[in-house]
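All chains are identified by letter, namely A, B, C and D, in their written order; residue positions are counted from 1 within each chain.
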């Protein structure tokens, strides 16, 4: 069985899609039922991939919006068990390839093998674990994931050195996620200049076929537009969480639609 | 002019009076007019001498009753000037020889010569300044006082060594005041055993003719009775202050009368 | 399948760990900064100029060396206690007098061992050409040290503090503000130290180029556990010399309280190779052993990876970090120094916990017996001594690290030990403010 | 007549005084006790065993030596200030950089220099075979030191404290109680330090055989001014050595705050014979120079004889001691060390006063510039430095004695510097006590 992400990504490329969208969602926030409605709205609006974050008590890379969402979900007794059930539901109920994002402690405590086994079984495409940085030894981690047919998406940032980028490019699987700022998650009015000028360096360091995703701070159609031709996938996070909580799943759909149409036009 | 104290003391001795009384009073407490009434009552009741204390902000040797009296008088703006006027009034308005008791700072700041000159002029018999301890050099002080025809009554205590007593005996003028306790002023239910057993030692150290007064803690006729034959003068302090303030000058008179009659009987 | 995981575990992060503990589990974007810090530290470590400068500020600013004191009265009381417990047969044997010494870090400027690490890291910060310090604080002792040193070295300082701590430790907030530091209240999560760490790290992530994150205990991602331990080791180095001088030999047992683990590691490290010296860490037992009512990570150690390092954490079955409780704000952190986890695994350092009640008792005991009021953190050790001497019947020469002085805890201890008078005092102060 | 009085003055108390100041103007019944103390002290002074023991407790219990620190930032700021005041002609000359050092007694156990004297006298107490200490305290720093040392040496301790001070310095009362001391509130007179001295002396008078009166400053009847000064001289002895080492020469100017006079005398004494070292004492200028609103005895010095010694006192024309005011409870005593009065008369030590406002400014300044929060007492000196450097244009190397740390003053400084937040904090604490 080929990974769903690979299939969809090559198809979109083949179609000549200028940029694809990965929509972020926080499990259990504000509730599982809203999660499901939101996923539906995202897909309808044209999102390509779903990044589903499992809440953790200490989400080190997350800004206020997502961090508070994490805490809220945990306070409402969101558990790993409920998380797995949600993933399963979403994996079967819609067609966007799913990346599960979480912090390392959750799979680590649950048991890495067991954890990844479950994800593989329900058809998840990969995992994003921001607190496993790239290291000589993380090769092992990437290999383990591929044994599970899961992509281990690595995260880089504008500060990552060319030397390191090269090494990462060699090992990376699925896509590499570059943050648009040296910072934490959070919607911003404008994208960081630092972030937008880095892609040449990154592309040069990476093998051509490796997919490149970018996120952190995307909150407007223009932001996505600015990334066109520079990266393959735009990841929208805090903005969607805010929309979900403040204005509901339909607003999320509308927002994604507006992006999709701006891309097409 | 002979010192009034000397005249009265030798007369009483000649009369065969077993023990004489020195009554203590605090100038300006509770008021000058009460002071005057009290002095009158004391004399009527048979007190022999008046110890008039001038209030000071920091009366080191005084227990709570007299200390608070000092502070009260000062709060009511009792001044040195008023003190001199009161001394003058008392010296002319009644016949008990007067000893002015105060702490050294008052004459020191006022000017020792000026201060003692005034006392001499109005006919005071002597001074008691408890914070001039006996010292090789206090000889000078005693001489100065005698130049003013003022007795400089020295104060000793049960702890004073025999050697020191001998030295003090040689220099003393008027009378020596022994405290009945190693402590501060204040009426007590019983006299200290330590105080009552010291007199032999003291008498032995002193020349025969030197008058001996004792005080600190005397609050009952029996106390005075117990001192009969041991000392020449019993000094009653805090008890009289308490009576004055709580029950008025007449009660002071009654109390002194009761002592006088207990002595006579 | 099991085996594969183990290989993975063993290999991942081959270096930068103590056995399986430690590591640097952080977002990629922190790696460069951690590398820079590590390189800077490793250089500084062998740079005699740096070491001289550090020694000089530890002395002239900090007040080092701190004294070692024979706790004569405490020793006598505990000797009697131990005697009274002996069976009558044993009691006839020679009486073995206990000797308890205290190493008094409470003498240090700002009142706790925290300063040792802060001075070291502040020098590193300047060596890296950075002019801003960011730090977390719980009780406020670390923050106070950071604020003070920042003032002295003309560095900007941002101190993150959980909302709970901000209000209950307001006197330290006030002191930090006076020193010119900016104190930022953190209202997320448990609103305690752990969340202050999260917030400080995030601020750092956003300002890597100009700021140094001055972590306050021997934890977090590498190289923090290493350098904090090293900077704190001055405690043990001094104590070792002083103890030898005092008794002509090394002690049988060292005891220290364990929050993050910096004072204990600093105290223990120079003795690690002395096999005959036993070591005991005391954790906060809080009100009970129920989850949420204590901060003892070693009672039932649960391995985890949180805030950048692998160690034992107080967490639920899902791996979610759980709230803790301790009467002392310096011991209620849910994680523990990876090196201590390792030393525990190796059996080199043992652990016990002392309850809030024992801590208060320890506070009173040292005050009354030796005229030294300890910080509530190390008061846990004193309060536990009656049990400790029973657990270590062979130990007759013991040294306790007093990590800080007790002044800072007045609002907590007075509440317990002198409630009515304290209430009246506060009322009077309030009236005087109107 | 004038001449006779002078002869009297000169002769009375030929010994036991500094020029005309000092003496022992006490009731006869104290003489024996003072003689005993004097004899004991003079013996101890030359007894190497005593001196060794004192040195040992100063180190192991007290934390001596205390550090000397170059106050670099403060020096720079004051150098600039001095430059900016120069006429433009002069400004062209070479810039003379100011070097300000601080001797930090705030590092000492219990937070102030008071401990030096307390340790010395406590040893004397035991040497005399006495087992009870009685002491007065104002701010509570002396009482805290006495309570601590009493605990350590297993002596009973009774601490007298004016009602005003008892309530405004309640945190120290609480600390003393914790240490096992008995704190007795004095509700007479001004209900302040002076009255606590009276009460303590009276308690002593009533219990001479068993108690030692541990006077807290270099005043009172002989031999107190002598022995307190001597015990405090360790400050100056250390500072002299440290200053020489730091700059290769002696400083131009020494500055210290003056309450009773013990920290200043302890600091100055070892430099007295160094004619080139100028010395400056800073008194509490309070709110204004109106009687009752300050505690400056040297502005218009009035000779008096109070509490057993002859010196300058704040008193009215009748010789009644008058109320004083200072923001710092340690500087509001109406008398001054007789030796300082003498040194002032000789022109060896000069005096200035700093207002409450200047003291608060000094508190902030040292906190912000050097990361050291001084006690409000010595904060007076820091706050006065801008004036001092103007008065001493030739002085380029200055050392300030920081007599204590500022923690103790939090209830006072917070009231002034952080009123609203402090009020909210107190309210919250009160609620938590219900």
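What we mean here is this: a contact is a pair of C-beta atoms (placed from the backbone, for glycine too) under 8 Å apart; a residue touches a chain by one contact, two chains touch by 3 or more.
Here the structure is a predicted model, which is why all the values come from computation and not from measurement.
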{"item": "Chain C reached from chain A - shortest hop count over touching chains", "value": "1"}
{"item": "Touching both chain B and chain C (chains)", "value": "D"}
{"item": "Taking each chain's C-alpha mean as its centre, the one farthest from chain C", "value": "B"}
{"item": "Distance from the mean Cα position of chain D to that of chain A, given in whole angstrom", "value": "67"}
{"item": "Intercentroid distance (Cα basis), chain D paired with chain C, Å", "value": "35"}
{"item": "Inter-chain centre distance, chain B versus chain D - centres from mean C-alpha coordinates, in Å", "value": "38"}
{"item": "Chain A and chain B, separation of their C-alpha mean positions in angstrom", "value": "99"}
{"item": "Where chain B touches two or more other chains, by residue", "value": "none"}
{"item": "Numbers and ranges of chain C residues touching at least 2 other chains", "value": "none"}
{"item": "Arrangement of touching chains [line / ring / star / complete / other]", "value": "line"}
{"item": "Set of all touching chain pairs, with the criterion as stated earlier", "value": "A-C, B-D, C-D"}
{"item": "Parts of chain D lying in touch with chain C, wherever the complex brings them together", "value": "59-63, 66-70, 73, 104, 106-109, 111, 147-152, 154, 167, 170-171, 173-175, 177-180, 363-364, 367-373, 407, 410-411, 413-415, 417-419, 421-423, 425-430, 432-433"}
{"item": "Chain D residues within the chain B interface of the complex", "value": "1-2, 4-5, 7-8, 11-14, 24-32, 188-189, 194, 198, 201-202, 205-206, 208, 302-308, 313, 315, 317-322"}
{"item": "Residues of chain A defined as touching chain C within the complex", "value": "56-61, 63-64, 67-68, 71, 74, 79-80, 103-106, 108-113, 130-138, 140-141, 144, 147, 154-157, 159-161, 164, 179, 181-184"}
